[in-house]
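Going by the order they are written in, the chains are A, B, C and D; count residues from 1 in each one.
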Amino acid sequence: MDPRGVDLGTALGPLELKNPVIAASGTFGYGREYSSIVPPGSLGGIVVKGISLEPKAGNPPPRIVETPSGMLNAIGLANIGVEAFIEEKLPWLRSLDTKVFVNIYGHRLEEYRAVASAFKGLEGVDALEVNISCPNVDKGGMAFGTDPGMAARVTEAVLSSTDKPVIVKLTPNVTDITEIAKAVEAAGAHGLSLINTIAGMAVDVETRMPRLANVWGGLSGPAIRPVAVYMVYRVVRSVKIPVIGIGGILEARDALEFLISGARAVQVGTANFVNPKATLEIIQGLRDYCARKGIAKLSQIIGTLET
Amino acid sequence: MDPRGVDLGTALGPLELKNPVIAASGTFGYGREYSSIVPPGSLGGIVVKGISLEPKAGNPPPRIVETPSGMLNAIGLANIGVEAFIEEKLPWLRSLDTKVFVNIYGHRLEEYRAVASAFKGLEGVDALEVNISCPNVDKGGMAFGTDPGMAARVTEAVLSSTDKPVIVKLTPNVTDITEIAKAVEAAGAHGLSLINTIAGMAVDVETRMPRLANVWGGLSGPAIRPVAVYMVYRVVRSVKIPVIGIGGILEARDALEFLISGARAVQVGTANFVNPKATLEIIQGLRDYCARKGIAKLSQIIGTLET
Amino acid sequence: MRVDLVKAHIAANGSVAKDTYLMELRLETEEFLAAPGQFVMLRILDTTDPLLRRAFSICSLIKPNVIQIMYRVVGKGTRLMKDMKEEETLELLGPLGNGFQGPERGKKAVLVSGGIGVAPLFFLASRLKPHDLKFIAGYGSKEDVVPPGLLGLEEGSVLFATEDGSCGYHGLVTELFEAELNKTLSRQLQVYCCGPWEMLKKLAHICYEYDLDCQVSLESAMACGVGACQGCAVKASASYPPDYFHVCSHGPVFSSSDIDWEG
Amino acid sequence: MRVDLVKAHIAANGSVAKDTYLMELRLETEEFLAAPGQFVMLRILDTTDPLLRRAFSICSLIKPNVIQIMYRVVGKGTRLMKDMKEEETLELLGPLGNGFQGPERGKKAVLVSGGIGVAPLFFLASRLKPHDLKFIAGYGSKEDVVPPGLLGLEEGSVLFATEDGSCGYHGLVTELFEAELNKTLSRQLQVYCCGPWEMLKKLAHICYEYDLDCQVSLESAMACGVGACQGCAVKASASYPPDYFHVCSHGPVFSSSDIDWEG
């Protein structure tokens, strides 16, 4: 079978992707930074860096530190704010032949509403991805995404402020991610993406100071893949809406772990740093895998895990 | 300063350890397997494999799989049962010049009580370490350790059945580990150890089957170290009882991350597989570090993280 | 049993068949007391990926402190190994496990291997007298065949079976084994084998039918290699009280009747 | 700016001073359009530890597709690099960042380095005329000193300062710089420097006092190297609207007055 003949198309509810490989939020800039290496049109989609109502400078450095097979980041959700994003970044994104997901966040429900509203009717934004891992300032800093009720309320707030499909991005830092997933589904989300980073920290034993100025940060990369695959596996079995798998994907084989477990698409984050061509190689690898196995459509392997 | 002159002694409440390096449960057998490489008397302590009331054969194979900088295990808490342990293993352990911690578990409160009682008054057992990561059969399989109330009840059950110091071993698979830690402290535990493994899974994309017969397992090794350090850092700041840090420690530098963050001792697990001499090298490395820094007593650096 | 942790200096490392390499290791120890069927675990790099040690059967002991291992490149660890150069150093844990037993006086040894399973059998063969032994090695194809001369055996001393018929008997090694059995039914035999699970299962079945004692060397994912982690479980046949053996410490060599081949 | 991902073959790799190595890389590209001050990011191994690429300044461009980098062995990645042999291959991302500007016509360039910070300045020096340039290199001790001849500069063209006085001026390079300044106050100068943060901070302060334009090349922990992750933040001086620059895409070369040296 010719790998070029394999149909990699996948659907996330109303969204049709040419292939299941999406660049993850915060790791691919606004799409332009890698464009000399990765033609954006070759991707299934791009999720831009998390956008808030106001511009945010982010945390003091150091913001990143390498850990075994992973990295911690405490960027602090630095971004140019929704207004500048729409003015400066969206026109270019609009020209791309790929799905553009805008990742949004807030620290209050109204902030989520306001950011979501800003994209109402705007061309070039195919979906919103809602980051609910952010601390909720009204609830003593516990993340929105750690409480099913709050997660549902954020979901409703965004849904009521937008005409775009809404994907809610779940945090892994919870006792039972399926509870959150079910609450978000019941609130009407079109899809789920998981996982966001796992809370972690590292210490410089020479200075006896945390390696991140922010003390703790989010762990990403291959180290967390087993945790992500398991959470995706569990969530897929608890909800009906489509799930995007994220966490430590470096190669096609890794993406397949998620797809076979039931994810309809995947996002590639840290791997972009390790190998800027990772997304392209994963797409090619998926083609080769299907061809080798005689599978005409990638969608035929989604959720085929034998247990 | 001469490294040999450094005092590595540490105290876990009533227990005095000659040094803070303890072999973790499930990774050091019953102490004997590595004794030709690691003289048990050189360690601060040994935690034996988790013991249950009845012998348990464990899960079908495959039981382990390597992941990036980590491994998943689904041993299924295989063990010879408390009776055989006391008869066959304890006599040898009793002869060792190190602290022996017996790791115990159950699936019902009465099981915890029964196993704990079996060690009442028995010489050679210096403390009990209570694994509360096990599924609670009366509560639909949610782990005891994921609910503060249940965690407290297990703690009380064990405390009322033993004359030994009781250390409760926390699971990281929770939204807020400090809540569990506080509940366990309030219930009277003498100390806490954390973290146990993180739930994870891996898929064989050729066979489309989980790589573990049990589908999911527990992730350990360097991959999880940042998560463990962060949880220890948070728990140390929420309770007054001593904390033992566990997770991904391979070298002295890694152990120091936990000690500086406030752990009074550490456990070394997966590293024993990677480098059977790891515990010995960590002890030597702690000596060298203190000598290099001109620190006479290791206890002087515990909890000295500058934030 | 004394398990040691020693530095192993690569004295040679080269291809001997398709994707198959022979590595000679000079150990920093005076005498490495290894018996056929035992194995070692190697730490390949100091970094944390790959993390765990890799298990390899001892393929020959050419001096008291020099061993050879033969390995097939299948994944991350073996890929790194094949690119290692002379003078580079690995960390070795061993000798591990329990080796082959016997054969009893008067019994002829029949060695049956599938693929890289040939490695421990080369060591065993080197300890047996040529006329007390029949060595049958199965491979996929001609290019997989490891020339016995490389391990000091006589070139003609090994019978080959290849699945594609490109060398020796055309078919499965289990078929060739059965054919050979039928020739020599009169003899008292002790069978030794190592290879993929399905092959061992078939052999175990044949040996059961012919009422022959059969020792198999098994593989299993391992973490510790010394009986400490209980990771390398293999299901015991119903007749045994413990439900699982540990391949590393109870094996890797088992009597084929002790194993639950369906498990 | 065109960033490329290319294979880099090691053409040479050897020690040039204590813990300091020079690696020559032949790139699989026709022409590598790199300017002094730009850097590359190398992926050292295919495995996941070390995971991230390592950043190195381009130390020289000896052919259109052959570069040199000079590195100090400080951790896991550089330790692996020093053991790499000719013919081994690394993956290179680059050229990255914005290099040094100028000097304006009529201005003399003063290059000041601390330790391994000498690497990008060698490249810059190679592009300037010897009489338009003063190169002051600070090191801890004599054994750290990289002989300028190795990079094609005249041996006498670099002034040295060592902290222990074992070579050249006895003291900090910033002191030697200030002493030299006092000799040449009449001249119009453009200062370029690279080294540890505290040294750059001092230099920035001296240049501010003497009203000299000063360009610094900064380091920061990096993940992407191309402006996509926002990881490599450095605080901008109060006069600037953005609170943080990204060292990889806004720098690594900055005007010293743009940086908040307390931040």
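Observations on the model:
We take it that a residue touches a chain if its C-beta (ideal position, glycine included) is under 8 Å from a C-beta of that chain, and two chains touch if they have at least 3 such contacts.
Because the structure is a prediction, the values reported are computed rather than measured.
When every chain is reduced to the mean of its CA atoms, the largest separation from subunit B belongs to D. Inter-chain centre distance (subunit A to subunit B, centres taken as mean C-alpha positions): 34 Å.
Mean C-alpha positions place subunit B and subunit C at a centre distance of 36 Å.
Here the CA centre of subunit B is 46 Å from the CA centre of subunit D. Residue positions of subunit D with contacts to 2 or more other chains are 48-50.
Shared interface positions of subunit A, i.e. residues touching 2 or more other chains, are given as 68-70, 221-223.
Chain contacts in this assembly form a complete graph, since each chain touches every other chain. Listing the residues of subunit C that touch subunit A in their complex gives 48-49.
Partner subunit C is touched in their complex by these residues of subunit B: 26-29, 33-34, 36-37, 49, 57-66, 68-71, 73, 75, 78, 221-223, 250, 270, 272-277. Put simply, subunit C touches subunit B in their complex at residues 2-5, 43, 48-53, 91, 93, 220-235, 242-244, 249, 263. Of all residues in subunit D, only 45, 47-50, 76, 80, 85 touch subunit C in the complex they form. Interface residues of subunit A facing subunit B in the complex, by the touch rule stated above, are 67-70, 72, 142, 146, 173-176, 198-203, 205, 207-210, 215-216, 219, 221-227, 229-230, 233, 248, 253, 256-257, 260-261, 289, 301, 304-307.
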